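Note that the chains take the letters A, B, C, D and E in the order they are written out, and that residue 1 is the start of every chain.
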Amino acid sequence: MNQNSKPKLAMYWASSCGGCEISTLNIGENILAVDELFEIAFFPCIADFKVKDVEGYPDGYIDVCLFNGAIRNSDNQEMAELLRRKSKVLVAFGACAHQGSIPALSNLTSRAATLETVYLDNPTLDNPQGILPNTQYEADEGLLELPTFFNTVRSLGQVVPVDYTIPGCPPEPHQIWTVLQAVAAALLQGAELPPAGSIIGAGTVAVCKECTREKEEKQIGRYYRPFEIVPDPERCLLSQGIICMGAATRSGCGALCPQVGIGCRGCYGPPDGVDDQGAAMISALASVMDTTYPTDNGNSLEQQIDTLIDTLADPAGTFYRFSLANAVLGRARQPASPVHK
Amino acid sequence: MKPSNEEPYGYYPGCSLEKNALAYNESTSAVANVLGLKFEEVADWNCCGASEYLALDILPAYALISRNLALAASSSGSHSLVAPCSACFLNLSKVDHQMAEVPALASQVNEALAAGGLSYQPGSITIRHLLDVFVNDVGFDRISSLVTHPLYELRVAPYYGCLISRPDYEGVYDSPEYPTGLDHLMTALGAEVVDFPLKTHCCGGHMTQISEPVALELIRRLLQNAHEYDADVIATLCPMCQLNLDVYQEHVNHAFGTNYHIPILYFTQLIGLALGIRAKELGFGREFVSAKRALAKIGKARPAPKKKRKPSKEALPMPQATEVEYR
Amino acid sequence: MPSTNVTTIPTDQPDPFVTRSFLEEVVDAVPGDPRLTACLQCGTCGGSCPSGPDMEHTPRQLFAMINAGMRAEVLRSNTPWYCVSCYFCMARCPQKVQITDIMYALKRKAIEDGESRSSSAADAPKFSEAFVNFVENYGRSFELGVAARFHFVQHPGEALKMATSIGIGMMRKGRMDLTPTRIKGVKQLQTILDRARELGGTA
Amino acid sequence: MKQERIGVYVCHCGSNIAGTVDVGQLSSWAADALEKRGVVVARDYKFMCSSLGQELIKSDIVELSLTRVVVAACSPHLHEKTFRTACQQAGLNPYLMEMVSLREHVAWVHSDKALATQKAKALISGAVERVALHEPLDPISVPIEATTLVVGAGISGIQAALEIADAGQKVVLVEREPSIGGHMAQLDKTFPTLDCSACILTPKMVTVGSHPNINLLTWSEVEAVDGFVGQFTVTIRKKARYVREDVCTGCGICMEKCPSKLIDQVYEAGLGYRSAIYRPFPQAIPKYPVIDKANCIYFQRGKCKACQLFCPTTPNAIDFEQEDQILQLTVGNIILATGYDLFDARRIPQYGYGRLANVFSSLEFERLCNAAGPTEGKILLRDGVSQPESVGIIHCVGSRDRNYNNYCSAICCMQSLKFAHLVKERTGAKVTNFYIDIRTPYKDYDEFYQHVLQEKVEFVRGRVAEVTDAARRPGEEGKLIIQVEDTFIGKQRRIPVDMVILSAGIEPRHDSKEVSRKFGISCNGSGFFTELHPKLDPVATMSKGIFIAGCAQGPKDIPASVVQGAAAAARVLGTIQQKSLDLEPVLAQVIDQKCSGCRICSNLCPFNAIGFDLERQISTINPALCQGCGTCVSACPSHAISGTQFSTEQILAQLHGLLAESFNGNGARTQSPAFSQAELV
Amino acid sequence: METLNAEQLNFEPVVVGFTCNWCSYRAADLAGMSRAKYPANIRLVRFMCSGRLDPVFIMKALKGGADGVLITGCHPGECHYLEQNYKALKRFKLLRRMLSQFGYEPERVQLVWASAAEGTYLAHQISRVVEEIRALGPLHRASDTPSFELIGDAQLQEATV
């Protein structure tokens, strides 16, 4: 390591909301220490860099690149590939880069349907000619190109090899800071980095481990949507019929949501050893459905199950809210069936 | 569900209380005044269709009934709807229940309601019978504490009729076969309650119109049984029961050569009397079979408690009947 | 099992390509599952019914007849019309058969098929109709009107007796009006009822 | 990871398999195509299960150092054991063998040789992938403690205890009431032969009371059960009797002198009285009375002690200082014979029980008939004086009714016929039975019905609508009127009688759910204990070592209760004889570090194998209770439960192999990206 | 862009069947013993109990090349493990609801109860399911490459590269 030059840090946003950047800045005055420790090589959110600058760097020039956002279009993909080339360590930062997150929910439909909703079939629109964005446009100044909008949203790891993943929507500031310190220690003092491919800045088991609500046996007779019920402050939310993804979600957030009475939404992705967060959750939830049998109220067991399932609005969107791109099924079948309006 | 102190009860009088059961309406409001019960009449309610509309046309009948539910649900802060008429109570609760059970029915009913700019979400209000309110919300203790003119020595046959707890669309709050809520209520007024075996039997309903002989026989049984049990009055809670037993009593006497003279009073009229409300305010005088003679029997002093007959030495012990517990 | 969906309440002529058994038809005409096929033929209903002695068939018998497809006999029976909706049978039925609702469905079918006219209770529907007529036009029922319309048309002798013994008494006691009350939203009500009829009314 | 050395053995089964599957091609294909997957040898042979076939496998295991074996032959249900043993004999852990059912699932059900062979390849490929992930396992062996616990000493429990004790094994018999005997002790005559109940029961009770192998604990209850088959630890509360068993002679003077008299709801079914110190009936076993503390004047008000005063023994047998004893015992097996409760007919108000004096329950009627009962066997009305001239017997009270119990109580038809006969015989009264169906299966039962018909008992087919004292017509006054639809004539009838007997149904014990929880077995929706198999294993439960007998399992009569008691005993004696039991090592296990304590799994195990460690806030699985169904494995959202022999990895590997080979023809077997090109753009 | 090639015209669906050890696997054995014929398109996988059914197995099967999945188990009330087949039923129903959101025809994943005595019945059901799936056509188009990834099994992944 060159003693004169500080390690180079980059942070880039692909298809993302910017929350990851805000969370990074939320490390508070430690941001000054970051500035102290690292040289910022690319960080469009806080400083004016051009892609050309990055292209100009030699390969492997950037020591650590925090990449947030999903891969939604060709520009996202090009940037991912570029930053992969230019970075020694590429970190999938936040839920979108980790597993597609909210942008990947559009994998439940198709590009055509998405464009239709956004540009054609929307009450706030005025687009009488039905114009859709073109990837190329002949302007006076010459041919302008827009990125291609992909049909399928992918996570960063599905496009380029990723060294580490920091999960969360967004990752928690204290964990970001811990990771940055660890990276700096490794780069500056030769401390050992975690094994490649690790998920860092998070726990290994599920959120329930961190949640202080009283865990109970579960027998759920119906599910409630948040507005339908005032949760008991002490008891496990899931036991009360409120969908909480805590049991199928990696810990690390400190069970922020369940602690304040909001069911975990699953943003940290599945815990260690679990492949498919949604599948794990539906298997668990279906197992604890309370349908007392044999039934005597005239309803068959099957009807009872159906009624119970009816109280679960949008299972796919609920159980894969953050992990659809990485799910086994990954996206809805092509051509997208008109299940989704 | 018992409304909170401030929350008034929604009130659905039904067509009968407007006219033929005026005494029921009058006595209910007089008693409610004294007890501080707030009844808020549903604005512009319509007929519940009695048992007639369902015989002709199912969806319109459900739509007719649910218009009232929709109006009640959208008006003021009340989540309950009280019906003094058993038939109205049944129809309202039946539609509420079936809409909840059969979603396709609910959506059709709502489609019809939508034509009139209304909608109703089943289960959003609790439908209750007036008696239920007195028994479970006001309570026997409260009533007996307010009694100023106890009905000592008046032998009352509590008559529930059919529809009040049968079937249990709104959940069970008393036995469908042998309810006792009204019995206890009457006891709380100081009256002597007759263990009336036919208390849930049919008054004939609309059979007076369809086949008078059939109806008269049904009415006769009730009068006969009340007579055998030495009842001075029959306490009712349904306009149809009152009408059949009161107005047709003379027809029964005529047809069967009997000579019954049993006044048929609304339970609210008896409560009103015991609370010291003036008879006129309670609608007395509107009954065909005059209550004057019976009411004259009311004693001034609490009768000496009847000695329990000691069972003979040979007699075998007997199980005691169980009762629904009241809130 | 026949569908128990209320959307299948017959609206038109029965589909000539689909022949449903009478049993299925009756089941379909009741909201929810009337559990008619679960009947044990135990007779609790017939034993409990206040009109039982005067019915041409006990409810239990009627259910066996429905099962046997005896359509005309069932729809001509006075039984549904003699049902006073007391719900005794339903509360006691060991199989939770929705007997009273089935009786209503049979009344509707009898009128629809015109069989009620051949029944010994042929007048009964007219009473319902007279009643409903006022409800539809005023939003409230009107006893005097109902009685007059029903009895004067059906049996004028009865009507006279009515007028003397009951009607006059009722009026004297302030228990009967001379004119019907009309609710404010009668137009709204009628729109709702019209729509309901379009959606699946039968009369 | 070390590469496994796998051998694949394809069986011809004569022409059974070879006729439809190209076995030669299959073995050469396996040797060739699956080499990369670790297959070092593949052979086909005429009869793999023959000793020569097994030898082939064994020598390969030794000579080629095989670490895994796949046998593609018949169904594992036929020969899994054979080939596992062969592996074991060659020094390979038996669980490292996997079978493919080529005969039942391929050769015998398909006809196209090419397609069948292709499918066989897929199945073998799946098995090879799977077997590579198998782990060596050892069966779990548990020793069986020879003592057996029998809970409930009705006829069923008595029979079970006697069978075991007579076979020379120890029994602990726990009964909650002061005496053994159960319901049978209350009955008068028993159908269909009309034996006197006491005459046939008492000798058995006496034997129980004096049997050297039976430790009889009456007035006792099981408080807790821990452990598992072979080694249950049970905690029993022996309630204080306040009577010293070593001194009391059973003379009964105390009972006579006791001033506290109350209605006996248990033994006399509410029809007679007993004192606070009591012995339920004269032939009670043991003969010592107990003091019912709640009704004893001394215990409630501090004064009385009449019993002590009059007790003729020295030292005095009455001991007010006695305390409950807690016993802890180890037993190998448990038989639950806790019997039934009678349906409480007051729940059907229209039948008037509890309101109308002369409506009796069936057990009340048994006491009326019983010579030792309150009327000394005379059938009398509630006034205790008059004899009925007409009696109505109502069947199916509380049974076959969705409002109460939706099942047939099985005994009440016969018992109602018995009642009809007894009334006729003893009073000559007019008897009418009201029924929905007459159910008289089994030997000599219908003959009994026919006999009763001959006695001119009237039968009305119709479920009674109501019993009332409200007379409607002349002739009804002062009578109980039974209103019913006579369904044969389709008319409502009102039949006036003097006495009504309600043949109330049989219900599970009011506490059967708690008891089932305590013992870790399950109940059906009504509350009867659930048997392992309704036809083929009617006395075992899913919890190994726990058996059920008598009415606790479902409504039945005495002969059937006795049969079940004996059957349960036979099952227990079988395991005792074996001395130890091998449990399959197919089990679920919680991986502590992965468990988040979410408790999704808490409720899922029907055998109560899953517990929750409150201290560490993680779930635990008791290996002796787990039956290896794998339900919890799939339910755990953290994949914190591993299932041996059926792990997620093994199943996915099998799927992988299966599908890979299915598509081999398409040449599509590469590591693919998450999304295909077509999906992407 | 998509024209059916010859291979798709002669479409032979691949159906994965999950069976339980006590009822449906034995039913399949019995089908064999009674020589009941059914199409060779089905490949059976054995569990101890249908309660072992994990939605991820079905997803992996569909993603990995199967055109349909058949789940079998003991009849309700006859589960060897008392009530675990109810859990399978619940998972199946919830999964199916979700699969429809993912655009999979519900007929691609079916559930059949079969007792150990119902060999011929199971054979009929398998034939029916295979034919229904055949009628739906291939789940994967020619341009699709089925993916066979497994959870963290390095050995297998190594071998497939």
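Throughout what follows, a residue touches a chain if its C-beta (ideal position, glycine included) is under 8 Å from a C-beta of that chain, and two chains touch if they have at least 3 such contacts.
As the structure is a computational prediction, the values presented were derived from the model and not from experiment.
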| item | value |
| --- | --- |
| Number of steps on the shortest touching-chain route linking chain C and chain E | 2 |
| Chain whose Cα centroid lies at the greatest distance from that of chain C | A |
| Between the pairs B-D and D-E, the one where more C-beta pairs touch | D-E |
| Between chain C and chain B, distance of the C-alpha-averaged centres to the nearest whole Å | 23 |
| Length of the line joining the C-alpha centres of chain A and chain D, rounded to whole Å | 50 |
| Geometric centre distance via CA averages, chain C-chain A, whole Å | 61 |
| CA centroid of chain A to CA centroid of chain E, Å | 32 |
| Set of chain A residues in contact with two or more other chains | 273, 280, 283, 287, 293-294, 330-331, 334 |
| For chain B, residues contacting two or more additional chains | 177 |
| Multi-chain contact residues (two or more partners), chain E | 54, 56, 60, 83, 87, 91, 141, 151 |
| Residue ranges of chain C touching chain B (in the complex, touch as defined) | 5-7, 9, 29, 31-32, 50-51, 54, 80-82, 84-88, 90-91, 100, 104-105, 107-108, 111, 121, 123-125, 127-129, 131-132, 135, 139-141, 143, 147, 150, 165-166, 169-170, 173-177, 181, 183-185, 188-189, 191-197, 199-203 |
| Residues on chain A engaged by chain D in the complex (per definition of touch) | 148, 150-152, 154, 158, 204-209, 215-219, 236, 238, 246-248, 251, 271-274, 280-281, 283-284, 287-288, 292-294, 296, 325-326, 330-331, 334 |
| Touching residues (chain side chain D, partner chain C) in the complex | 350, 396, 400-403, 436, 461-466, 483-487, 490-492 |
| Chain E-touching residues of chain A, taken from the complex the two chains share | 108, 273, 275-276, 278-280, 282-283, 285-287, 289, 291, 293-294, 301-302, 305-306, 309, 312, 314-317, 319, 327-334, 336-337, 339-340 |
| Residue numbers on chain D that touch chain E, as the complex places them | 1, 3, 36-37, 75-78, 101, 103-112, 115-116, 118-119, 122-123, 126, 129, 132-133, 522, 530, 542, 586, 604, 606-607, 627-631, 633-635, 643, 646, 648-649, 651-656, 658-660, 662-663, 666, 668-674, 676-679 |
